[in-house]
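Look at the two complexes coming up: subunit A is in both, with subunit B in one and subunit C in the other.
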Partner chain A sequence: MLEGFNFRIIWEYMPLYMQCFAATLWLSGLSLFGAVVVGIIACAMRLSQSRIMRSMAGVYIETIRSTPLLAQLYFFYFGLPSMGIMLPEWLTGVIALTLNSGAYYAEIIRAGIQAIPFGQIEAGIASGLSYFQRMGNIILPQALGNTIRPMLGQAIILVKDSSLLSLISIMELTRAGQVLTSERFTPAEGFLTTAAFYLIIYYLLKAFSGWSEKRLIFREAH
Partner chain B sequence: MWGFYFNELMRSLPFFLKGLWMTFAVSGLSLVFGTIIGFFGGILRAGRNKPARMIVGAWVDLIRGTPFLVQIFVIFFILPGIGIELEAFPAAVIALTNLTASFITEIVASGILAVDKGQQEAATASGLSNYQQLRFIVLPQAIRSILPPLVGQYVLLVKDSSVVSAIGVVDITRVGWLTVQRIPEGLMVFGLVGLLYFAVCYPLINLSGFLERRMTVASTRL
Partner chain C sequence: MKKVKVFTILVSLAIFFAFLGIASAGTLDEILKRGEIRIACQTQGAPFSFVDKNGNRTGSSVELTEMIAKEMGVKVKYLNYDWDGLIPALLSRKADMLAADMTPTLKRAMKISFTNPYMYTGSVVFVKQASPIKTLEDVKKSGTKLAVLLGSTGENDAKKAFPEAKLKTYKGGGPLLINAVLAGHTDAGVNDGSAATSQIASFPPNSVRILEGQLSNSPLAFAVRYDSPDLLSWLNLFFLHISLDGRLEQNLNYWVNSLDWKKEH
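Up next, the complex of A and B:
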């Protein structure tokens, strides 16, 4: 296979790949940002006093976690137009990715907050700290330390999941591989190059995860 | 109009059940093969043989670092180039088995490494062979931390199997995609698709949660 490997074609398509690499980065970056916001809101709802809020967040999280992303993506892609809502493909894709990862982020953040022993909050109250001081100085630093690793893990999953957007014909890395394959009949060059680009993102995020583990973690205080 | 489409959809219910069966077939086969390969991989990954450890580690990274969609395309489009012609179904099973095996490898390896080192030393001191140590000392204890994430992995397996629809395997997602060309009510069609996945995955997610609680209790009682 490798003796016939044509680097010239890859070089020729490099501008396309770089463009699609950038598209993958900003599509997943945007979805990542949205997912963390949705995750925080869903997590706050899940931990709230109100029963209705709790069950709404519960239904959202369980529904997302029990169905595949591709089915969710098609649900929005074919479903929104049938409701009369016309959105560009990339926006549909970002919405699906955001809502999908948001449910997982809600669970990650919840686990991080619930891992902090309640005694710490009580100690904060007893020391006369205000709500924001408790949040800022006691709960969030520890919750962040607990969750930075699973959060980055979910970010890696999000970047990989963005490959499914190629199936609703959004130009991103996987689509670039398909374009090269269909134009030049060279699937090896097309998809192995795509895979290499994803591996770059993966190893960067993985290295960052390992670094943050060493640098950022405020080791649990118990 | 909505009522008409609904009746149409009900008429094509057998088609959906056929798709469900295909999803079961692809995921079931990959589950069995993936678990077997994953256990062997995990034992190697947690073992003393350094080259084996590194090769397995590199393989896991390669699979974890690339999207499943790209892996399917590589297997389905590139293997024929080196003389291995595959139908869509076996290609899907191979890709999904490969993916599942790599994740189970990590689960099994971390389960084995979580067993206290003294246990193995004691077993060595008692004169048990390597196989006996693994079979009677390490694995029975490791299975407690392996089982909950293993069932969680099976949920991911069922969900990931939706991606094989991209190479034309007629699973539930593909059935939905084909049906929506005929019945242009995306919300309804993919609502049904989602419902079928939910019916499979939701009990599995709960089983995983139940096992997690059960196994933590079991290990604290020790």
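Up next, the complex of A and C:
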């Protein structure tokens, strides 16, 4: 397979790939940050005492999890303008990715929090701590350790999902492969290079995951 | 040990020659042996290859390929691709030929072999009905956003004709460009005249306006791989026959030169 491989063409298009690599990094990074924030808020709403908060968060999470990201993306891209909201396409893409991953993050964080044995909360109540003191000092530090691995997993999924942004004409890694294919008719070279760049991002995330696991996992109190 | 080695060599040689046998058969022979011809086409390329309101695949190119299959005496298998996926499908041997409104550009001809043209068209610019853009000159203003199709001649024509404009390339088919223009993501769109006219007819009347003037004059042709010279000669002969007996003119008049097809499809 590799004798027919045209490395010269990949080298010729390398500036395009570097530009698109930067675009993917910054689109995914922005969406990741937004998704964690949205996830925390949605999770807090989901676990709140108020039934309205719980059902609002529930509707949001269930709608997002039950529909494909591509459908959500096209809905925002073609649907928002028909409601009068005109956004630059990168912002539409970031919003779609943020809302999508935010729902999954809400569930991950909720699972992490609910995995803490109730005995911890009882001990906190018995010691006279308030709700926020219990959350801040007992529950969340332990929950964070539980959720780090699934959160990094979802981050990797978000980076791969960012490839769908190529369909709303955003110049990112997958689009670079598509351009190489349509201009030079070399899909193998084009998409193999795209895959190699995604692999680099994956290894960066994996390294970050390893580092943060060591720092952030607190052993359960005995 | 030696017996196993000899046996392995003999078996490999046998397999090698078997493949050689298959490889040396021409594409026409392969198609006849298979009993079906595999054709790569679009699903959003009105009026050439699209899905009509009854859910059936139809269009100018689709009807021509049905004629081709009938004359060959084989069945047709249609494979759906986006515009920019047609050529890779042909090159990767998934399809025997591609049937679309593709221009035989010199760049494409470096990879695939085109038949003689069956018609001529050119790129046009279309805008929303209410747009302030009235002529091609207005489009030349810098900063105009144009929607073009990934891998199409419209993309190249737009780059050449409007170097100051900002191009937004969409992957898929012509109707995506019209949607982008109507949603306001771009000021205008550039696509083939024949495709644009027919696709706009599926949108609410008077929502899209085509500007006067063609950006280019492009032939349209079907394509095969360079390793299929027999299929290429046959297709050229086919087009000669249907030009002579009037079937090509009938097909083009129904699908391309008018909107008659809209009544039934």
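Some notes on this structure:
Keep in mind that, in the parts below, the second predicted complex is superposed on the first by the 199 of 222 C-alpha atoms of A that agree within 3 Å, B and C clash if a C-alpha of one lies under 4 Å from a C-alpha of the other, contacts with A are read in each partner's own complex, and residues count from 1 in each chain.
One rule holds for everything that comes next: contacts are C-beta pairs under 8 Å (C-beta built on N, C-alpha and C of every residue); 3 or more make two chains touch, one makes a residue touch a chain.
A quick note: this is a predicted structure, and the numbers were derived from the prediction, not measured.
In the superposition on chain A, contact of A:146 is made with neither subunit B nor subunit C.
In the superposed model, A:160 lies in contact with subunit B only, and not with subunit C.
With both structures placed on the common chain, the touch criterion links A:71 to subunit B but leaves subunit C unconnected. Of the two partner chains, both subunit B and subunit C are touched by A:181.
By the document's definition of touching, of the two partners only subunit C reaches A:169; subunit B does not. By the document's definition of touching, of the two partners only subunit C reaches A:89; subunit B does not. In the superposition on chain A, contact of A:81 is made with both subunit B and subunit C.
By the document's definition of touching, of the two partners only subunit B reaches A:192; subunit C does not. Considering which of subunit B and subunit C touches more of subunit A, the answer is B. In the superposition on chain A, no contact is made by A:101 with either subunit B or subunit C. Once both structures are placed on chain A, subunit A residues 77-78, 81-82, 166-167, 178, 181, 187 are touched by subunit B and, in the other complex, by subunit C. Remark: subunit C residues 84, 87-88, 91-92, 107-108, 110-111, 147, 150-151, 168-172, 179-180, 183-185 touch subunit A in the complex.
By the touch criterion given at the top, residues 1, 62-63, 65-72, 74-75, 77-83, 156, 160-164, 166-167, 174, 177-178, 181, 187-188, 191-192, 194-195, 198-199, 202-203, 206 of subunit A touch subunit B in their complex.
Across the complex, subunit A meets subunit C through its residues 77-78, 81-82, 86, 89, 166-169, 175, 178-179, 181-183, 185, 187.
Subunit B meets subunit A in the complex at residues 61-62, 64-71, 73-74, 77-78, 81-82, 155, 158-163, 165-166, 172-173, 176-177, 180, 184-187, 189-191, 193-194, 197-198, 201-202, 205.
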